[in-house]
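After the structure tokens below, expect a handful of questions from me.
Labels run A, B, C and D following the written order; every chain starts at residue 1.
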Amino acid sequence: MRVGILTGGGDCPGLNAVIRAVVRKAERHYGYQVIGFLDGWRGVVEDDWVGLNVESCRGLLPKGGTVLGTSRHTPFNLDNGMARAGDTMHKHDLDALIAIGGEGTLSCASEVSELGFNVIGVPKTIDNDVGCTERTFGFDTAVAVATEAIDRLHTTAESHARVMFVEVMGRNVGHIAIWAGIAGGATYTLVPEEPFDLDELCAALLRRKARGRYASIVVVAEGARPQPGTLEIAEPPVDAYGHKRLGGIASVIAQEVEQRTNLETRVTILGHVQRGGSPTPFDRVLATRFGVAAIDAAHAKQFGQMVALRGGQIELVALKDATANLKPVNSEMLEVAHAFFA
Amino acid sequence: MRVGILTGGGDCPGLNAVIRAVVRKAERHYGYQVIGFLDGWRGVVEDDWVGLNVESCRGLLPKGGTVLGTSRHTPFNLDNGMARAGDTMHKHDLDALIAIGGEGTLSCASEVSELGFNVIGVPKTIDNDVGCTERTFGFDTAVAVATEAIDRLHTTAESHARVMFVEVMGRNVGHIAIWAGIAGGATYTLVPEEPFDLDELCAALLRRKARGRYASIVVVAEGARPQPGTLEIAEPPVDAYGHKRLGGIASVIAQEVEQRTNLETRVTILGHVQRGGSPTPFDRVLATRFGVAAIDAAHAKQFGQMVALRGGQIELVALKDATANLKPVNSEMLEVAHAFFA
Amino acid sequence: MRVGILTGGGDCPGLNAVIRAVVRKAERHYGYQVIGFLDGWRGVVEDDWVGLNVESCRGLLPKGGTVLGTSRHTPFNLDNGMARAGDTMHKHDLDALIAIGGEGTLSCASEVSELGFNVIGVPKTIDNDVGCTERTFGFDTAVAVATEAIDRLHTTAESHARVMFVEVMGRNVGHIAIWAGIAGGATYTLVPEEPFDLDELCAALLRRKARGRYASIVVVAEGARPQPGTLEIAEPPVDAYGHKRLGGIASVIAQEVEQRTNLETRVTILGHVQRGGSPTPFDRVLATRFGVAAIDAAHAKQFGQMVALRGGQIELVALKDATANLKPVNSEMLEVAHAFFA
Amino acid sequence: MRVGILTGGGDCPGLNAVIRAVVRKAERHYGYQVIGFLDGWRGVVEDDWVGLNVESCRGLLPKGGTVLGTSRHTPFNLDNGMARAGDTMHKHDLDALIAIGGEGTLSCASEVSELGFNVIGVPKTIDNDVGCTERTFGFDTAVAVATEAIDRLHTTAESHARVMFVEVMGRNVGHIAIWAGIAGGATYTLVPEEPFDLDELCAALLRRKARGRYASIVVVAEGARPQPGTLEIAEPPVDAYGHKRLGGIASVIAQEVEQRTNLETRVTILGHVQRGGSPTPFDRVLATRFGVAAIDAAHAKQFGQMVALRGGQIELVALKDATANLKPVNSEMLEVAHAFFA
């Protein structure tokens, strides 16, 4: 059997661990050959690839990012993409293609699967928003980075009696914000799932101040938005130089809070450090389990499926189901977070 | 409502986070009072306690260990224990008692529950061996400590072309060993669930050497034991000074491997660092969710139950069921580990 | 003897370790009493203080920030400040005042010393820019935070073949940038000591790209400025919401580099995380040595002096000399950094 | 110019960073060629080597250990070693040899230098015991590992009210123990420089207990020894399996303390994790500066010299002077540690 593998979308700690696991079990256990396509689907369309074996994957487990490179290209946004991708599959005589990625990459995998490709999906995203799986790798690492930052900000907040706003990733869902907020002991956390009420936030911060000398930490998912009518937001916020890459909603909120409450505020936008670096042990294990399960699924010809963590076990779910909807933060987690709001 | 809380058994990162969460939701949400018994069940029997409130729990979230102290005493191994414990419950007019602990503490909780106490259990153990819950807090932190140590040992192993043996905790089950072994890229992992074959281990290490200049890491759970007849073990192993606290099976194996293979070996016994220090974000979140769920359960008078993580959700399970059997490493995890054995 | 202590200026990891060391040696060795003034010089002027003893300092060693609070007030920027400060010293019968701070706090200490106060200075600043001492505590921690961020950005830079710009603290000097740049393996580092040539930077990045598929990291001290005439900078840069707290020079440069080279760029502004959190072991030791030396100096009535690290030893230097000039990065360090520029 | 490089003695974080720095400046700045000898002096004697260039050193900066391997062989303990080493130098037409190592490797370097080899020394040792330099790289990392372990042990010690003994490296000097003891807030620290009085240690631990519920941490350098007549020690201590590699003095002391004081004790022997893993930023910078200075010294034909850190600057000192005596902990550091003894 010959198997291709690709990594698509934003990079994420654990991608290399999946690649290594696929290659290891493919070569040593099944005797299969694996090739890696460069820069996600682009490599398939343009037949750009490298050979992979146990030896070339040595040392990959703890290494962040992806040695295969990644991009947001798909067969559907490249010229004549499907045909060329098909040619590549044919040329290399590939029996299966393992696609590791988030919502975009997996939706594409689902579509090409329905068009007849033998695809297996592996969910990755630091946002943890892929459906049908309790966890994606990369999320635990992102939460760890955000929590460490919050831990650090506590002491500086307290020394100066300030309100520190921390903006974390999460355009559509607030998993990172809620987890890091709970783990970091945040005073308040704003997520896309719950449009916020600025008056309530200000009141909470003032209540807290009234109780003593304490500083506050407010965690803000970059996709958090106010309840209609409570705060005018120039949408989307842009930075001083005209590009909107970095989010910035936390800065808008901080400035408004400072004006309304007279509390001193500071803003930290964590940015790309959340998606880089060596994966946590949890993410290394999850990525490795996903990789092993993906090549097992290829061996069992379970195409059109995605590996998933459910009830602590690795299972297969239909790619179509997994990509139907983003997975929001559930009500239990929101309520736990609320219990600690000032 | 008045609620008592205690922490029993070995200490574990996240105990303080549970205490803080219970107190926070009890005081702010329900308006309940909480008192903390010192040194586990001893404090209940001997009526030794401190008052707890949101203010006194400030800063506890990231702090390892337990501010309430812990011990292995129970009402059943202290003089007239049940009667005195009953007196304490009565004297303080306690409506519920939240017992945080591992197998010993929870079994005791199950028994006193059947004797009429209003008990709620919260599972903690770095070993992750409590039944009916996918995870206990403290485990993720222990795996993180062990994996960081393995990461460090890789470079020294490679510089000297040695086989490094790392002994981790796990008397009855090998969860820490298997997870840290997978996360750390171990060459081999020995766990209680699978009596090991020393010949096979030696053969694997020599196979690996035959492939090149590579060093090896062997992770050993302290409870790992050889297949009958394959290795004589003076049971239990003792250190040079006559006490057997630290395990030491890794040293026995290393010495035997060195004699049989002529490979240079070194041994590291991780010991107590695995159970100390600030909990990982995952453990802080899980401990906080458990604490919130425990006080919710007390409010709902769901006595004789234990909070548990199942399918990513917090649920209640009967203490009797949870303490019926230790939870071993399952076959999927063992197979994933095997895929990377030399 | 009775001794006062204060912490001024921006907060910094290690302040609490100094306070603890002063109190420990004062109480246990000399039998002196120590009081802590709140919010730096403001506490002295307004007679706002707390008593300190070994017991109340328990647990402070690893804790970032300052339990005394800090501010940028001085007797010279508060109404009738010197007279009120003198009243406070008299009222408490203080024999010495230990002032822990950076350039502002220590300059103030130097001045009030000349006006007759018995002051001892302890240098702190994450910027490492205080003269007459090889190191200030807080710097090692800041470099560690910045280096960890750079380590993380490497993998995401490589996965996407991007140029990542990282802005670190350093308004007037580039110690953090140069150390983190060398430790993190930066492609280029821009510091205030060397006005940069944007053409050269662009050429270097393109040279590197021409050699292969490699991504780049550019470290930028927030005070870095271009050579006159090479880049128009709206001075000072402001963010989208009109305040200039966060620096932002890295964003200006990144945008210009992207336009000139067509390389994809991203920006991370590290901000306040650099000054928070638990101090590194080096900073804990240095802060402790400074604290011990400060109370020793008070005992020896060496007023008007500052403790300093010189040749690996703790020595006393005149406050006047130490505050005469900021300490820039020296030529050896700049040359080491240059050796690795693309 | 052609330059050889070797790494000898125990491995140490930062060795790879030196190699990378030497190669980088040699190739890019001077246009020199560098070859790396394998396993220290063995590679020179047996002409076992690899070519090194900027490309092959990519990624080495943060990587612990040494890619060249290391051993304790020298030309003086290998058959006909000097003659064969001379042949190798001649065959490769080497103008200089850079020897990175601790006391053993550098003493050898000093000797072969006097026999006419063009040698430059670079001091490495986690023990920080090389003379004429304030610091060696590897030490900061070892202290960081030991301090993190102590931080973790504090919470478990407090939860159980135990005395935790931590044995750290340091056969002849106590730098790691003193620094980690101060940084970790140890109750007591035992080092080779000060033969200890067990009665005094026991008295201190009991004094501390008398003051309250506090646990204690005692840091023990593996080379710590009692004052004559105060404690019988079977010298050297061996473990249960007959080998003495792991030290173990801490176990002897702990057992004796437990018997004399009735305090509960536990022992952790840190072992090899202290010398493995990614170097701290400080060690990466020092190693890089040493590497750059070493190739500069080779270029300047300053043979028989060792690079050293003095007064915060990199200087050259005679190998003969640097290897004359081990550098003990000085009295200032011992006194700082004493200030915190119970």
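Just so it is clear, a contact is a pair of C-beta atoms (placed from the backbone, for glycine too) under 8 Å apart; a residue touches a chain by one contact, two chains touch by 3 or more.
Only a predicted model underlies this, so the values are computations on that prediction, with no experimental measurement involved.
K.L.:
Among the remaining chains, which ones contact both chain B and chain D?
P.N.:
Chains that touch both chain B and chain D, as defined above, do not exist here.
K.L.:
Moving only between chains that touch, what is the shortest number of steps from chain A to chain C?
P.N.:
Tracing touching chains, the least step count from chain A to chain C comes to 1.
K.L.:
If you average the CA coordinates per chain, which chain's centre is most distant from that of chain C?
P.N.:
Following the centroid criterion, the farthest chain would be B.
K.L.:
I'd like to verify one number: the distance from the centre of chain A to the centre of chain D, where each centre is the average of its C-alpha atoms, in whole angstrom.
P.N.:
Each chain reduced to its C-alpha mean, chain A and chain D end up 41 Å apart.
K.L.:
At what distance in angstrom does the C-alpha mean of chain B lie from that of chain A?
P.N.:
Result: the chain centres lie 29 Å from each other.
K.L.:
By the touch rule stated above, which residues of chain B touch at least two different other chains?
P.N.:
Within chain B, the residues that touch at least two other chains are 151.
K.L.:
Hey, which chains are touching each other here?
P.N.:
Every pair of chains meeting the touch criterion: A-B, A-C, B-D, C-D.
K.L.:
In their complex, what parts of chain C are in touch with chain A?
P.N.:
Against chain A, the touching part of chain C is residues 7, 11, 13, 15, 63-66, 69-71, 145, 148-149, 151-161, 164, 213, 237-243, 245-246, 248, 251-252, 255, 266-269, 271-273, 275-277.
K.L.:
Quick one: in the complex, what on chain B touches chain A?
P.N.:
Touching chain A: residues 21, 24-25, 28-29, 61-62, 134-135, 140, 143-144, 147, 151, 179-180, 182-185, 280-282, 284-285, 288-289, 292, 310-314, 330, 332-333, 335-336, 339-340 of chain B.
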